[in-house]
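Dumping the structure here so I can ask a few things about it.
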Amino acid sequence: MLKVAIVGATGYTGRELVHILLRHPHARPYYLTSESFAGQKISDVYPQFRQLCDLPLEKLDLEKVAQCDFIFAALPHGTSVNTVPQLLQTGKKVVDLSGDFRLQDAAMYPQWYGYEHTAPELLQQSVYGLPEVNRVEIAKATLVANPGCYPTGVQLALFPLLAEGVVESEDIIIDAKSGVSGAGRTPKQALHFPECTENFKAYKVTGHQHIPEMEQGLSRAAGRPVTLLFTPHLVPMIRGILSTIYLRVKPLVTEALIGEIYTKYYENEAFIRLLPSPELPETKNVSGTNFCDLAYRLDQRTGRLIVISAIDNLVKGAAGQAVQNMNIMQGWPETAGLQ
Amino acid sequence: MLKVAIVGATGYTGRELVHILLRHPHARPYYLTSESFAGQKISDVYPQFRQLCDLPLEKLDLEKVAQCDFIFAALPHGTSVNTVPQLLQTGKKVVDLSGDFRLQDAAMYPQWYGYEHTAPELLQQSVYGLPEVNRVEIAKATLVANPGCYPTGVQLALFPLLAEGVVESEDIIIDAKSGVSGAGRTPKQALHFPECTENFKAYKVTGHQHIPEMEQGLSRAAGRPVTLLFTPHLVPMIRGILSTIYLRVKPLVTEALIGEIYTKYYENEAFIRLLPSPELPETKNVSGTNFCDLAYRLDQRTGRLIVISAIDNLVKGAAGQAVQNMNIMQGWPETAGLQ
Amino acid sequence: MLKVAIVGATGYTGRELVHILLRHPHARPYYLTSESFAGQKISDVYPQFRQLCDLPLEKLDLEKVAQCDFIFAALPHGTSVNTVPQLLQTGKKVVDLSGDFRLQDAAMYPQWYGYEHTAPELLQQSVYGLPEVNRVEIAKATLVANPGCYPTGVQLALFPLLAEGVVESEDIIIDAKSGVSGAGRTPKQALHFPECTENFKAYKVTGHQHIPEMEQGLSRAAGRPVTLLFTPHLVPMIRGILSTIYLRVKPLVTEALIGEIYTKYYENEAFIRLLPSPELPETKNVSGTNFCDLAYRLDQRTGRLIVISAIDNLVKGAAGQAVQNMNIMQGWPETAGLQ
Amino acid sequence: MLKVAIVGATGYTGRELVHILLRHPHARPYYLTSESFAGQKISDVYPQFRQLCDLPLEKLDLEKVAQCDFIFAALPHGTSVNTVPQLLQTGKKVVDLSGDFRLQDAAMYPQWYGYEHTAPELLQQSVYGLPEVNRVEIAKATLVANPGCYPTGVQLALFPLLAEGVVESEDIIIDAKSGVSGAGRTPKQALHFPECTENFKAYKVTGHQHIPEMEQGLSRAAGRPVTLLFTPHLVPMIRGILSTIYLRVKPLVTEALIGEIYTKYYENEAFIRLLPSPELPETKNVSGTNFCDLAYRLDQRTGRLIVISAIDNLVKGAAGQAVQNMNIMQGWPETAGLQ
């Protein structure tokens, strides 16, 4: 059994990694680090794990990391960038769940993440971990930058259409809606239950740090620069992201052609489900799973294509995709531990 | 005190009308009809009214309606169209909360509402009841067609911008999100609590019957035909609609100019609140009120304008606006009973 | 119009006081204090008040308090005890919403509230503000100690039964369930939306600080010491408290007699609704109101009486009751501003 | 792989059975019946199963049942009683999730379930399927009556204490709170999202049909008749049951002794977690699992013992326990497919 280290195990994505790995046929959680909760057990922080996993939480000790076989880093943005280089020095493979190694261009980091990148050379080495697009490179990678939650649902929805050139690369509008776990574990006024429930709102209306990541991947798919308009919203639910994406189709493109393209790209993908009309994605149908559900409608009246995708932000949007990447990097079936 | 009849008092909008009128200084609920609950009291159907309103519910009796001074019809679409003509014959003013008298063109009804309009002549007489746009005509009306919930938040957001010609009338995209009370009182599988909570989804992705109503009003504002792309979504909350609207601005239009236009149109409007940056609308801030909160952002990267509006679907989106219309028709302050 | 000061206006009960007073026929919010938000407006902290109340928030200035006509103190326990004596020196009447003046016996404070009472002499002066029990003394009071939320629903349910001696004063068990706003405005891990929603639990299983307050009032009613078992629980909703109370009836007591007693005590009470069988209280039916809904069942199999009460923790459990007390102290109808 | 038939696969417990069996190492869903949805696939009714399980739903055909190896009946009360005898004739073992075979005394059925039992002889044969109490008989059973949801959490909490005689068998009070999935899949007004969310209430205040089942099991444990007072409540969440149980301890019983007894009975139980003080059960910590979390407090002031248990009503309260019973009946590890 592969001994897995989870650096930063007490955020929601860390917890989700532990949860998934406890049922993995070839890997198990072995070493868990936490700065805030060192000295406690993971089941003290998350009582759901009592009698399932009683691993201690420790402050990061690179020697103990080196005794593991595989490393997940689930640290905040701006922290991973300092820690991951040290983790790589153990010689073990690393999947990083932060945004710190997703962008190829180090100059993006000050603008979008608010800090100067301290390990820009690793940006060449890191492989963006979106398996349905990138599994060949992931298989060879030593450092995988696990995609952000919103960018996962968006890029899976748009990659085939831009790659096949059936939609315009301009004027793509993404209206995304996420459950509150995406905001993380730290209590804040806006996430205080009485403020958060029975409420709906947009936030970071322009300038969300997932934009460059999505534009990077979609520009690559389109073969030309893509500029997105992306508006995230907060839904009073724990998990899930639904993205409603508005596209312009090229002339003569029909709904049937769109369907053929999705089928061509995704019919053999274990984790992508193309919903037959009239079904539409609902976040509860992917909740707790590594699936991405997709549907599309061509609006005759306006000629616009609407694509809707649903994922679980903590699974396909984070920990599940991370494990999928580990499976690829280890040469295991991609679905191991995920179905 | 004006004696008010509410025909169809036991749907959610009927209940909301009773709730609002119980605190109105010049009007009170006097006669409540219900086909399903005739013989019970409103407080049997809605125990919140116990000791506040114990009016009986009766099957519609036009003679009793004629003894009232003002009539609200809160019947389903396709039912109002048959009932409202009879209500008008009492000689009393009517505000109809259904969609049956909102569209000027009778030919729209088969396509969008699924029935042939049986009183097309009344479509000339009915006045669309959006006070911030239309109060002069509302004041003279005998039949007011109360706007739909989604169309209210959308038209209030877009009317000034289209009227002033600062945004393109093409390619307007509306991504709307509504609480579940908008779906009405009748239990359905999709609205069953375990199916509905902790879930988010789009529905009626093209073809929602509120589209012609919005296009009618916005075409009038723009002075040219407007075709909208409108996607509604269901939020696991009881009340509220947030609309995120994507527009193209004409050349040289700045965020400041947008602000001036909204200020010009709305600064004296009792029920429209222009939120100062960086505030954004949240449905809970308008919950239970007749307010529409608005904000806007010009996205520099794409040149698109994003306008966000929030209303309470049962208040400004239905019963509150209906009472606001009654106030106008009666020559009272518009805010009577609403603040 | 009475000029009202709200000292500590930015907690949930302070906000609720502002909300209620904005519609009060004889009083209005005039001076609002906040230590945390001094310099902002109440509508900056609570955007629901934009265009309804734009009063500034200021650090407490006793001279400005002295210019008001009536004072509500909505400060945390342990803070009021130091502030209220100063407020009283203005010569104005004070309703205190904390627990600091509810207990007659100063010795209870270290044990239950964790501090030594610094103004024990005021405990003689303060009048416990439960109008349905105590309105004669409230009318003459200069300092009213507004009851706690849980104690309100419990004492209203039990007072008549203990006063009439139809239930045993021993072995009273109260299982109470509250919405999350009762925990206050400060973000905490347990109140973080993802931890709080889709979850139910008990807390403070023995030793809740509302126990001595309830025992004080119910012992007075019974004419003998009453010891309660009280278990609070947290419900994933914003507002409401439902208390399920288990009592032993004295011999020969019937359900009909219980009903007669409740009717005798409460049939003329504006804010207590005795629900006719088979109706049971639901928190949503009292939400936003000053009502307490009551029902009871005598279980034939065990001989136990079950009484269920429902209140809105922020209204009848706090701000609404405080305004009801103010109405009494000012000689106004008790329902002013509350219906 | 054991071929499993699920008769009545489209209720929430049927769906949960499919979900659990899809990950079972030794069994798989093979034949699914549904009267309402015959002709569709399980993934049409529950899209979460798309690409995970596309079994068809068929009207019950006993010949096809006979081709299976094991049978779960997840039919409504009053329906199972007619169907299970036919299922047993296939010679296969049956676990029935309804209440129709839980009570030993056929005379209880008219009073508590509203029908005359049509197969009373099977009541002798059926074994009550609470493994922690009864696994020896379950192992030999051909018909297991799977316990009700509420009775599971209650009996697991009380069995050791009554068996050891440390609590009184009179005056046991159970205040239980359940998520809404326990009410089943059929839409009803009270379960309509807008009526159900942001609301809390009691229901079936006396006379819940789970009472005779709990009294049967606990009387057996105590060796004398036990009469319970049981009050269920509805929580606005999907899953979970928290039971707060009030007991009288015998003289000289301490909290430590209670702990020893629970440890003696449960320390080796895979699915029971005794929470160390000061932890208390929360339904989210058992959500989706077959665990029952337990805690207890001895209230010094009243001498009452409070025991709190939490289960997932669909898992340990239904489908998970059913699979646990199948594991026992098949001679497999009890945890197979459940951890």
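In order of appearance the chains are A, B, C and D, and numbering begins at 1 in each one.
As a working rule, a residue touches a chain if its C-beta (ideal position, glycine included) is under 8 Å from a C-beta of that chain, and two chains touch if they have at least 3 such contacts.
A quick note: this is a predicted structure, and the numbers were derived from the prediction, not measured.
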{"item": "Repeat of interface A-B, chosen from C-D, B-C or A-D - more than half of residue-number contact pairs shared", "value": "C-D"}
{"item": "Pair with more cross-chain C-beta pairs in contact, given A-C and C-D", "value": "C-D"}
{"item": "Remotest chain, chain C as reference, centres from CA atoms", "value": "A"}
{"item": "Inter-centroid spacing, chain D versus chain A (mean Cα positions, whole Å)", "value": "37"}
{"item": "Distance from chain C to chain A - Cα centre to Cα centre, in angstrom", "value": "46"}
{"item": "Mean-CA-position distance for chain D and chain C (Å)", "value": "39"}
{"item": "Numbers and ranges of chain B residues touching at least 2 other chains", "value": "179, 197-198, 236-238, 282, 284, 287"}
{"item": "Chain B to chain D touching residues, read off their complex", "value": "12, 179-181, 185-189, 191-194, 196-198, 236-238"}
{"item": "Contact footprint of chain A on chain D as seen in their complex", "value": "23, 47-48, 50-52, 197-198, 270, 273, 275, 279, 282, 284-289, 291, 293, 339"}
{"item": "List of chain B residues in touch with chain A within their complex", "value": "171, 173, 175, 177, 179, 195, 197-203, 205-206, 227-229, 231, 233, 235-240, 242, 244, 246, 280-284, 287, 297, 299-302, 304, 306, 308, 310"}
